[in-house]
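Below are the structure tokens for one structure; questions will follow.
Going in written order, the chains are labelled A, B, C and D, and every chain counts its residues from 1.
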Amino acid sequence: MIIVLKPKASKTEADEILSKIEAKGLKPLYMPGSERTVIGALGDERLLGELHLESHPSVERVDPILAPYKAVSREMHPEDSIVKVGSLEIGGSGFAVIAGPCAVESYEQMSTTAKAVAAAGAHGLRGGAFKPRTSPYSFQGLGLEGLKILKQVREETGLPVITEVVEVADVEAVEEYADAFQVGARNMQNFRLLTALGQAKKPVFLKRGMAATIKDVLMSAEYIAAEGNNKIILCERGIRTFETGTRNTLDLSAVCQFKQLSHLPVMIDPSHGTGVRDYVAPMAYAAAAAGADGILVEVHVDPKEALSDGAQSLYPEQFAELMKQMKPFAEAAGRKL
Amino acid sequence: MIIVLKPKASKTEADEILSKIEAKGLKPLYMPGSERTVIGALGDERLLGELHLESHPSVERVDPILAPYKAVSREMHPEDSIVKVGSLEIGGSGFAVIAGPCAVESYEQMSTTAKAVAAAGAHGLRGGAFKPRTSPYSFQGLGLEGLKILKQVREETGLPVITEVVEVADVEAVEEYADAFQVGARNMQNFRLLTALGQAKKPVFLKRGMAATIKDVLMSAEYIAAEGNNKIILCERGIRTFETGTRNTLDLSAVCQFKQLSHLPVMIDPSHGTGVRDYVAPMAYAAAAAGADGILVEVHVDPKEALSDGAQSLYPEQFAELMKQMKPFAEAAGRKL
Amino acid sequence: MIIVLKPKASKTEADEILSKIEAKGLKPLYMPGSERTVIGALGDERLLGELHLESHPSVERVDPILAPYKAVSREMHPEDSIVKVGSLEIGGSGFAVIAGPCAVESYEQMSTTAKAVAAAGAHGLRGGAFKPRTSPYSFQGLGLEGLKILKQVREETGLPVITEVVEVADVEAVEEYADAFQVGARNMQNFRLLTALGQAKKPVFLKRGMAATIKDVLMSAEYIAAEGNNKIILCERGIRTFETGTRNTLDLSAVCQFKQLSHLPVMIDPSHGTGVRDYVAPMAYAAAAAGADGILVEVHVDPKEALSDGAQSLYPEQFAELMKQMKPFAEAAGRKL
Amino acid sequence: MIIVLKPKASKTEADEILSKIEAKGLKPLYMPGSERTVIGALGDERLLGELHLESHPSVERVDPILAPYKAVSREMHPEDSIVKVGSLEIGGSGFAVIAGPCAVESYEQMSTTAKAVAAAGAHGLRGGAFKPRTSPYSFQGLGLEGLKILKQVREETGLPVITEVVEVADVEAVEEYADAFQVGARNMQNFRLLTALGQAKKPVFLKRGMAATIKDVLMSAEYIAAEGNNKIILCERGIRTFETGTRNTLDLSAVCQFKQLSHLPVMIDPSHGTGVRDYVAPMAYAAAAAGADGILVEVHVDPKEALSDGAQSLYPEQFAELMKQMKPFAEAAGRKL
């Protein structure tokens, strides 16, 4: 850890900080300069967090050298992790495609969509029973009834099922009916929910928040891992920027960053990432080329009648075409589709 | 509502949409142009949400004319609302100052800080018992024990107490011990929590999310109001931008925007809004000048030893100076301090 | 054009606006609603710009229906444009790779790098003679001397040369020595420079500004085209967001957006787009998969000694590997490399 | 300067960097850690820029300790600078108000507006003769004719005149007719223009670019100062964020940041900063409260007919009211209006 003192900090103040560092068992380094005094601390700098040196009135800034996350870091676990969702492996030699509607609307809608995406080659099924919606007057999801539909459709198609959980009280029910939890962008820093999922057994798709840095996402993943659940899949789904031509700005460099910093698998959601039906397929191919482990795609039997996110949902025949076109891109990236 | 069709949309497709609008009881308007056909819908356009016209393959875009929120809108309630937190009125002729530490750390810390801010003229006390922290390894708050300390200190000082609630399961306990709920930036779109608070009796400080537009904040307020709780105070606390010289970018124009669109009182948090101790006072004066109804400020008896947010916490004597300097600014804005 | 009036706008004010629209030769439409009056204007709404209706005190907002650019729009020119840079076609069936150092530093550096990228299969050479640098104390480029080096290296390798122009006064010299102009992100809205380039004969690479929307870029391209130069190549190079793990956030959806709205070719700069050497290749593959017409890549014979942008420059052998790996991605996207 | 090496960097690589630092005449410091090796360099780290250590393949990152600007820094010049624009002092005990239309449209428009703002108490006059406009089809300004009008109106009213310069070739003419140059947001990193202004004699209002950090602005100011012109006024005018309710997000904390890091005077432009007429006055008061040295405000005799920026221009009577209301805010901030 590097501590830069303010221009007018005295030697006494520097000594106070040096002795605090020493008291924590780290080796302090004193580096007086012509304009600023800099102090270094060698050793496990996580211990220094308890000193709150950034609050000290003589400290200009504190630059940590090490990442604040451990369990999810590449350094602690140099090999890529593979996470199993039902029978589907994510993070290995395959490229995982999980498709389905934004929301579970009815048994018929889910069943028809699931059969269509399965026929086109999807490996997993998505669909929300609990929907976080910006407006209190929008459709909020079918709840438990939706979970039951998902389970029934999984039995019919054999596709493992991923569904969102928005509240600690629902964790148990979702775990009973689905194969994996999804934490949506709006709940990425709902730390109670993350802690509860860390105590669950099933894998967690953790979506990046709209204003979350790569490091923020890894810190949220660390919440889950710290409780003992290492089955985490990171998911980029677009961040909020000034550009209004797309719903969000899909940050595909997130794949590179997550892969460098962490051992966890990384998926891309080109549907929320763009919000525009025509951009979903090109961004899905780009995700594969960038080295992602798979994609989450919204597909609806009849997007015109979808109760949510219809504008970004693919028609089943568009999804079938995407799967066909995806093959050479996935293979060029060294993946089997 | 204005519906712009894609360049190649046919007359048949336009007719399909026109008849859907009519079926909802609105008056449709057909406006064919040289390059685009535009369709208007006159009447309560909220009914049109059910048609999901943005999902229609011939629709380029849908521009609503009316705001999607009602209960919190200025149009529904032209006069400014006044919300009472304990005996403190927010939104009237006074300028409310609520001060205290980021987190409740101990009875001594709260009690000393509370007495200091009361002596300097603060009207309310803040302090977190449940702390949402980016890292799982940081201090997470004292929980119920913290709530009890807050209650005790309120009894000693007479200051009404505001504290954060992060989870539906805690709503009851917080309501028992505190005078108002705070919803933090990270939970601004935790819709289950908002719904639960809409069913509570005590007022809610709703903080703007880091990536939330003004309209997003009003939609979240609408969640609370739709359940029957109109005691809502909006709070700007900085948004996330590319600037790294401050922790967040404090958007003081939010005061103007909220006041124009809504009748709810608006407060500013210059502590989180900047993250820098030296910037808190100037931004507090600017908040008063911009027309805010008050401020939330972090003050700690010993910021150097604070368990969280020490770098942005004022020393008690800095807070006393702020209160003194604030007076003419509040008065210039037509407020009593 | 749709004009939404303020809630309290009177019939007289609406009539005033309606008659102004009529006076411009457009067909006005009056749509009184329960909460707002809306006015439509059918016809060439570009004429309405002269009315400045957004400035009218009774107008809440003005929503244009048509895009404000014409010459560069897909509607005016439905087929993809192909732009020739020397003998290199950009925008056709090939995938164009233009490589080279950030800055021209010496004849030796340019010549060695050019031969290396040519041997690896690059189609064009990049290198800056005029460098816009954030600090006045950084290397500012060799100027005219750099242009001469570029010309000499072009003759040796046969690679067409692209170089940045930063000032109207330099347009003539750059046109004499290079095959194409580059307008950098910082000059994307230097309208005088754009106008001068519109009067030049050689093609222009127009880079997206750090805070420019897709529409802003197209308006800047329109400046060039309006003067008669249609040889424009749009270039996404990353936008500024809150993320600090990369130098910029590369917005690959820009390819989809530009291609939908415009007929101009689109290239991607993964070097500036990420600022991190290790992320350049994956983002280059993703660009091809997303449908881009080519890439601009920074390659330096000795990045460790580069006078600018060394951290994002590839070593020649990394570039050769990129070219090899790129082939199947370009082919999957229907392009020859 | 602190250099963090990559996890796998060898002792040999560290030694190579240590000897490079020593060769530059700085004192190197070797700090091996359990997970990373850190290298420090004590002395004038600006010399290290020439080593381009961030390009070294074994270097993870380089953290400078000192600011990269000198001439404009507070450390080099601890007292506040006062800049004179004609007879108007900016940065001293007064609060400077510079008002006028966005663009010079005609002698009548300028003369009437100038007399109105002078009568209301403005200290300077603004108005653009050269207008950078997003669309090539918008009014581009009167050019030289506009400069002549400005000079004539200055003679009539005695108000010093500030006007924008967009191109090196115009610097001489603008200097002849006006009292100060304005560099607009889009040209903030037009380094050639900055250099030319550094060689001019009259003061420069430097507006913050839409995507410029505080440090970027100071680096641009350094370009001007490095050439010998220290008469620089920094101007915050809003940055681009995701919020669409205002044209830009006015970052009033910029006042605090600029004042802390630099000795230059700071003004605020609440007109471009919000883009909404009704928000201009509250943001102007907030600017005074935050400690700004003055404001730049758009006022037009007839905003409804303004050729540009009418939606954010004040009516003369609104400006007169602003001046009246401003007085107690300026005085509370210790300024005479």
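Just so we're on the same page, contacts are C-beta pairs under 8 Å (C-beta built on N, C-alpha and C of every residue); 3 or more make two chains touch, one makes a residue touch a chain.
Because the structure is a prediction, the values reported are computed rather than measured.
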Quiz prompt | Between A-C and A-D, the pair with more C-beta contacts | solution = A-C
Self-check item: subunit A-subunit C separation of Cα centroids, rounded to whole Å
Solution: 31
Quiz item: Could you state the distance in Å from the CA-based centre of subunit C to that of subunit D?
Solution: 26
Exercise. Give, as an integer number of Å, the spacing between the C-alpha centres of subunit D and subunit A.
Key: 39
Practice problem: Would you please write down the residue numbers of subunit A that are in contact with two or more other chains? | Solution: 211, 239-242, 244
Quiz item: Drawing the touching chains as a network, do you get a line, a ring, a star, a complete graph or other?
Solution: complete
Quiz prompt | subunit D - residues contacting subunit B, complex | solution = 211, 213-215, 239, 241-246, 249-253, 255-257, 260, 273-274, 276, 278-279, 282-283, 285-291, 325, 328-329, 331-333
Quiz item: If you look only at subunit B, which of its residues touch subunit C in the complex?
Solution: 2, 4, 7, 29, 31-36, 38, 40, 42-44, 63, 65-66, 75, 240-242, 244
Quiz prompt | subunit A partner contacts - residues on subunit B that touch it in the complex | solution = 46, 49, 52, 54-57, 68-69, 132-138, 140, 166-169, 186-187, 189-192, 195, 209-211, 216, 219, 222-223, 226, 239-240, 303-307, 310-311, 313
